[in-house]
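Each chain gets a letter, A, B, C and D, in the order it is written, and its residues are counted from 1.
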């Protein structure tokens, strides 16, 4: 369970909540330029931009949950249970493992348009990180200032869906979310007129009644609609700091408070971290569930040239 | 538009969002012990505990939006449009003006039980702050660790409703909110079984589907249900800092993002500040919409004895 | 559980569904003019109009569930569990038993206006039909072509609420239903514009999407809103037969199919009968759950002068 | 806009509402055995069972809206706007026109299983009835006592979806309806426990609260869920007449009252007719919006051998 979205009306920002019931010890992580990646399909990538985002670093290699590169391409992996289908495949050209897909794309593409072409002939292969760490079902959100894309590998193939709403949550697949979004087409910050009956005034008892029907639960569909609604209606902020604030306010509206969602096994799913990719300034802002202070890491914090920095 | 609630399962905390489309310049404000209050009904109150909360200070006198005293009694005023009815009355004994009610109660009562008795023969009178500042329609939330109360002055009299859910938002009156809450009695963090039909598996496509039906809009009713749901289900935090965090997470779930609610006049209502009354430690924590850093003022910050301190 | 409403835009018609899990053997029943009623408060009523409606006839005396008189005053009793409060009272002037209230009013009043005045000083007293038949919790709907009234006896007194929507279902009390109806003020047969976002077209995938949010369950609140919506929007029929059809179409929209609502004891509540009071023609139309043919009884079917006729 | 479903727990029955804003003059129509059909793909079908259902008869040829054959295979065409895609094709083997699909299948197949195989290599071709009568966008429901099928011709091919819920309404495609149905998996005729909070009793104020969340509007999604809910929960009737009644009660729950749904052009969509295919007795029962009396036509009403009979 996760939520990702972008704002493009004043600069370019991606927000993302990471919702899970346990942590792998993910940390803000900066990969320097030209850090040598050896991908499972044999690709050696030794010339690339810096990557910055949240990662679980294993054996010195960053497995990104979300990241941006210096060209302003951002990408996030989100849970996609029941639908993600990775092909059983021997390693080979174009067979990418799910855990490396973000690095794979962000080191080789500078825009959504490039990523779309690049991914067309690739296969998401069921190659685990290691014998003890199976792949989790994921789909991906890729965005730049001009466009957004959802990457969904399912049993009927790899889908690269244009995402004009620039929101992604979880299952079912994105086309379902879009069809469903139409149910909410009448919602608005404005109360609107009484269309029910002239027989009674039916005046508003509260502000905000024009959005009655907006779902408030924490399922993927509800978070999709709510993120889209809040994103579409929050006012454009003129300053970069205002934009970052706005991203976190949107993230707060779809945050999962600990205890409000329980797995079948009785574990509590919660928003372990909320992050804002501040692309114009090359900054990664984040808050964790238990440490409310907003913190920041920046491309300019890069240390030794060939070393991944974990903050 | 506002939301207030308390947590009592580990210490005693009140959370409150203040949602409005303009600010009067309210600031965290500490009133020292025995600061002389002269209330409009003639009461002179020169012996009382410290008061700490958010206030608009006018002519040196704090008009509290919310506050606590040292005994652990907390109180907040919330918008109550269309229902609040203040009696047209000449000043006189027991005639209290709405803008002073919080100071009036918190200087003279140490518990909800005392406040309930104390208010029984009082009248909320339509006495404005001054010629240029009319009263706004309000109702009040009063709570201590043992009980909560809603004070609603309406055209059929002054009501002191017990509030076992320990949540208050806005109109309609509290009994309506309680009746309506029953519609949501089946919601839960657990998904529950497929009760619809054995003909199809109808498996969950997402975690959190046991709370489908929870309203997500920003009207008073939706915020009441959502605050109650999140409050009831968030896990008890063992540390005071964890409790404060939890209060802010709950407040975030009912926060009004700027742009999502518009008045008839086209103004944007937003959560101007969020506050947590940390009663065990005598601290007042707050965040504002535009300045995300959480800040704190404490009873121990009291300055000169007879001077109201605005932070 | 029951639903009642009137149509007044072309003639005057009352519709009512009677929803219960068992039947007392109620039958269409015509009381002739001047049939002597002896009410429990001592009133002897020997001069009155004919009454026609559904009744359980006990010891030759009709206990009406709903009825009309010749002046065009109609009245129905509906279940009001959890709220109805009948006063513990010795029989005496103005103490009316619930089971006789319909006869009591329809024999002595010719209009809603008269009924309102008439009932003002009456008491609904907890006087059972007999030792073996306790009172059920009821409230009443009284209507003529000009106005509608809900009569609710609660622990805080007897309330005569004006009912401008001309609908009544069950608990909670009518003012709650009215407050709640405001939530649905935006619903309409017209789809309306996409107000959600210009970012996607969000075209309608179906007709009828302007009423998304209309509740479809069988609780009293849902039936209140749905009956009001369907009543307000169905087109005016020019002929009396068309009006009767329209009433049954509205009743069908709030009918309880057997099996869809279960009591705590496991019994199935269903719409045992649906009835239309065709006031202009003095006819009572009805259908039962198990016999779909619509049948009719009319004032002109009156038999022997002093005998209640059960059809 | 239409709704179709089957009941299979006691005999085999199909119910269908036909919702539109205008009528082509459709009438109950019986096609005798071996009436010679010449289909547009060149197939001459001169040996087949009787067909009975609702049709618009044009130039002596029945264009069925819904029908059954003597083997107990039933089929209905329902509106599928925005998704139906008929191939631009010259007439030829296996190119079937939408308006003849029901006759085409019911004369050549005796079961869903046969129909599924039979349709696999067919193409729904955009061949109009005549120059003046374009095709309307349709999808089809095919059912027998053992299984149900939805036939959806879209721009990505012809889909034959298994329909275990045995309900079909309109757009979006059936897989969307199934995904969405999962949102309602907790609904039940039983109220269930208070899972919200132990802090307040939150007792039911009405029966039927276990189904709160069931949509009540008239869009295709709402009718799908409501038909499924009512169908799944209505009690099995032991007699054939009871089964027919049950079908009409279910149809009533998704009936569109005239005035409650308006097209963009301002026309009123309504349920022009409701029909029950009583397969065990070979009877077709129907009611129209304006003539409430239920009527019946039977296979045994067949007249002259080679003549289509319009009732």
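Going forward, contacts are C-beta pairs under 8 Å (C-beta built on N, C-alpha and C of every residue); 3 or more make two chains touch, one makes a residue touch a chain.
As the structure is a prediction and not an experimental result, all values here were calculated from the model.
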{"item": "Identity of the chain that, by mean CA position, is farthest from chain A", "value": "C"}
{"item": "Of B-C and A-C, whichever chain pair has more C-beta contact pairs", "value": "A-C"}
{"item": "Fitted rotation between chain C and its twin chain D in degrees, CA, nearest 5", "value": "180"}
{"item": "Mean-CA-position distance for chain D and chain C (Å)", "value": "34"}
{"item": "Whole-Å gap separating chain A and chain C, where each centre is the average of the chain's CA atoms", "value": "54"}
{"item": "Distance between chain centroids, defined by C-alpha means - chain B, chain C (Å)", "value": "42"}
{"item": "Shared-contact residues (touching 2 or more other chains) in chain B", "value": "172, 179, 183, 187, 190, 203, 205, 209-210, 212-213, 221, 229"}
{"item": "Partner chain B, residues of chain C touching it in the complex", "value": "172, 176, 179-180, 183, 221"}
{"item": "Sites on chain B touched by chain D in the complex", "value": "164-166, 178-179, 181-188, 190, 192-197, 199-200, 202-205, 209-210, 212-213, 228-229, 232"}
{"item": "Chain D-touching residues of chain C, taken from the complex the two chains share", "value": "1, 81-82, 170-172, 187, 189-191, 203, 205-222, 225-226, 229-230, 233-235, 242, 245-246, 248-250, 252-253, 255-264, 268-269, 289-290, 292-294"}
